[in-house]
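First subunit A sits with subunit B, and in the next complex the same chain sits with subunit C.
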Partner chain A sequence: MAGHCGARAMAARLGPRAAGSARGVCSAAARRPWRLFGAMCLLRLPRITQPLEKEEEEMVALMEQIELEKSCYSDHEIRKLEEEEQLKRKKESLYDEDEARGKTVIMAQDLEEKWEQKFLQFKAAPRVTDADKSNDRKSLNRKLDSNLMLLVKQKIGNQELWLLPQVEWQPGETLRSTAERAMATFLGDHIQAKVLGNAPFGIYKYKFPRAIRTENNMGAKVFFFKAFLQSRDLSQAELKADYLWVTKKELGEYLKTEYLKKVNRFLLDL
Partner chain B sequence: PCRAQPKKKKKVDVKKEQAQKERMKKKLKKLEKAAPELIPIEDFITPLKYSESNRVRSLPTLSPEETERRVLLLKKWCLFKQKQDEAEKKAIKALVESQQEALKELRLESEELYEAAIRRDEGLFPFEREGPSYTPPLPGYDPPEGKCIDITKVYTQ
Partner chain C sequence: DALLACHRFYRSRPTHGIGKFKYLLPKEVPKKKKEKVQMKEIDAGTEYQYGDVNIQMTSYDLCLVEHFAQYVHRLCNRLSIRVNESYAMPTKTNEVLFMEERGSKMQLDAVLTTHQRVVQIRGLSSTFAPILLEIIQSNQPEGVHLLMKQHTEADFKSRLKSRPELEELLAEMS
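Here is the complex of A and B:
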């Protein structure tokens, strides 16, 4: 199984390899020597619901109206109606003394007002956070209603590119552990992430430029894995390289077109 | 004379007890043979107090424009949902295709990695996660004190 060890041990094996290739060229052509990389697409799942579309809002209003029309009066509403009638009769001052015996101290209207007051006192956390307003792409609190992905700046060849964190595969481990290792290299060991299965979600294949290309080192295949981020904040993580958390729409600003096309295929835009 | 009387009492008692036991057994058998009672679903039975006449809401009848508007809105909603569903299905199809392609390429590379990839991931299920809420959690929020007493009726067959 020496074929898929990549170019690392290339120099040591050129001798026997040349003999092997002379023996049968078809075997070398059947399994091209690609370098394998495992990349991890780490997703931070949304924390708040997405805003409703126009049709959805209209539908919600219609449903509420229909429900109201089909319903009967509840106990609270009947109590309210009776008390309103009592008040009306008191104002006309007809049967005041008879009703005064069974007089209720707290009216339903008062209760409603009390509940309203209590509700207004509660201040919920804002949906548009500070990180949204400052467009701080490094924080996890931005865009709480959509998925955020981790992008890291890595050096490939002589270029510094924005990529999903990837690391070269080493013989003896599965591709999933390569991807997990990639995550650990960039985010530290204290990350809790749920990897979705053993199978890769996508692949990006590219050939090296002619200058570097050799017989045993034609190009690279990057296998993508998906994981859901489960730890709440990453204050413990020491990030060694430049990183960003971006949504699917913003990916286009950072990734190259070919790479982006392949990545977009396995990302569900919710 | 002293011995004879207690003996008779015992016999009669024993016979009576045996007769009682048999009667009980017969009753039990009859009960068991009868079909088990169905557990009533409390949501489907409207309590009688809600069918009184004073409970009926009095609202103005709908104008023809209103009904027209409603029907058109329902049609728009139908179309909207159809488009949403088609988009979802398309996205899922693209996901599956992308995965199949990746597995094909992996197979071309090495069989053992492919086998490792196809293997079932035991640690994946059961997967639990809290869904999104309308507002993000407020840091340092102290919820008010209170106790929740569950009064649902539990039926046994």
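Here is the complex of A and C:
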């Protein structure tokens, strides 16, 4: 839904959406006094589920109980029950027929105990990694249960700002390739990232201060695209050293308010 | 009063079932349609629209997969995306054998069942598709594999069982 809102904001200026937007911009670039940028919002997907809240945990327990009561016995459980009955019968009266019938070498109970021992031996990886403890914002291992976004320090005009990596659009290429180029310039080529669709997710437009404003350069429009990072480790081919991986909540510390407002519109925080 | 009162002919009255006529009509046998026509929509155009898209969810845990499939179905209903079908693929059982070769050779068996649920969607616009994908991805439970792909004939045929005797007879005939 955020994508629709963002696109509607610019629908007044540009024509139809999706690939049509790129074509519309191409033809009208000569007349428009806006400079166009394509920015890439690179997301690292969460690797662990978030901890459940109280209601969610109660719900999970309830659902498990319901499923348990509704379900039928599995093979293993039937076998277990039969063997328990056999044991009972042996204790009450000595039946040699049961022993004559193919007696199972391994009882179901023994199997269960073996499995439980194995399970206890298994150790899961820690949820809070080292990077979390040291609050090292440059590593990807930080918050494993939320989305991490790439922020880069860029020079715009005469200010150095923290932004999502962006690069100016050149006539003749689609906005999506602009965004991919932005990603490539900051992270090096062959980044395994999957760009989500051809339509931009959001737009931020701003006017230049009057000193720089000319007839042709009224301001700039930044189109945001989203991509998912596929590879685990980034080969450190960084051109600019100032980069950060931040969660949505920490964005407020780095971005400007107007920029932040528009960016927040298309970020899913789950 | 007599006009206003409700005179529905109750079962004990002799006039019960006075207006029925369907039992008089000749009985129609419902037609059996075995081969269902696959319809595909246009993919290209000014307004991008995907044709039939399959969202396949596989997991070892049955309850989890079913609940997730239900969630996806309801989500599409709420977002007014048309859901063609929501079906389940047959479960696959895998037997895992452990061969411990230290000392005595033991074979521990584990039986794993893989369940798959498919939700088929139509009329997904390309501006909305990545948003939907992101929502589903971020709500994925642990242990569930998600796969979104376009519906092909191969997918349709994988649901049907092949009849070897029929094929043999057909081969003999032709």
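Just so it is clear, the second predicted complex is superposed on the first by the 184 of 270 C-alpha atoms of A that agree within 3 Å, B and C clash if a C-alpha of one lies under 4 Å from a C-alpha of the other, contacts with A are read in each partner's own complex, and residues count from 1 in each chain.
Criterion: a residue touches a chain if its C-beta (ideal position, glycine included) is under 8 Å from a C-beta of that chain, and two chains touch if they have at least 3 such contacts.
On a predicted model such as this, the values are computed, not experimentally measured, just so you know.
Asker: In the overlay, answer first, second, both or neither for which of subunit B and subunit C A:Thr174 touches.
Answerer: first
Asker: Based on the superposed arrangement, let me know which partner A:Ile156 touches: subunit B (first), subunit C (second), both, or neither?
Answerer: After superposing on A, A:Ile156 lies clear of both subunit B and subunit C.
Asker: On the A-aligned overlay, A:Leu268 touches which partner chain: subunit B = first, subunit C = second, or both, or neither?
Answerer: A:Leu268 contacts both subunit B and subunit C.
Asker: When the two structures are overlaid on chain A, which partner does A:Leu45 contact: first (subunit B), second (subunit C), both, or neither?
Answerer: In the superposition, A:Leu45 touches subunit B and subunit C alike.
Asker: With both complexes overlaid on chain A, does A:Arg127 touch subunit B (first), subunit C (second), both or neither?
Answerer: A:Arg127 sits against subunit B, while subunit C stays out of touch.
Asker: In the overlay, answer first, second, both or neither for which of subunit B and subunit C A:Leu87 touches.
Answerer: Neither subunit B nor subunit C is touched by A:Leu87.
Asker: Taking the superposition on A as described, I'd like to know which of subunit B and subunit C A:Leu36 touches: first, second, both or neither.
Answerer: first
Asker: With the two structures laid over each other on chain A, which partner does A:Lys221 touch: subunit B (first), subunit C (second), both, or neither?
Answerer: first
Asker: Counting touched residues of subunit A, say whether subunit B or subunit C comes out ahead.
Answerer: After superposing on chain A, more of subunit A is contacted by B.
Asker: In the superposed arrangement, which partner chain does A:Ala199 touch: subunit B (first), subunit C (second), both, or neither?
Answerer: both
Asker: Which subunit A residues come up in both lists, the one for subunit B and the one for subunit C?
Answerer: Looking at subunit A, the two contact sets intersect at 1, 3-4, 45-46, 49, 196-199, 201, 268.
Asker: Using the touch definition up top, name the residues of subunit A that touch subunit C in the complex.
Answerer: Residues 1-4, 7, 16-20, 45-46, 49, 63, 67, 75, 111, 114, 147, 196-199, 201, 226, 268, 270 of subunit A touch subunit C in their complex.
Asker: Where on subunit A does subunit B make contact in their complex?
Answerer: Against subunit B, the touching part of subunit A is residues 1, 3-4, 31, 34, 36, 45-49, 53, 55-56, 58-59, 62, 68-69, 71-73, 78, 124-127, 129, 144-145, 174-176, 194-203, 205, 221, 223-224, 228, 262, 265-266, 268-269.
Asker: Spell out the part of subunit C that touches subunit A in their complex, as residue ranges.
Answerer: For this pair, the touching residues of subunit C are 46-48, 63, 67, 108, 111, 126-131, 133-135, 137-139, 141-142.
Asker: Hey, which residues of subunit B end up touching subunit A in the complex?
Answerer: 50, 54-57, 59, 70, 73-74, 76-77, 80, 91-92, 94-95, 97-99, 101-103, 105-106, 108-110, 112-113, 116-121, 124, 127, 129, 132-139
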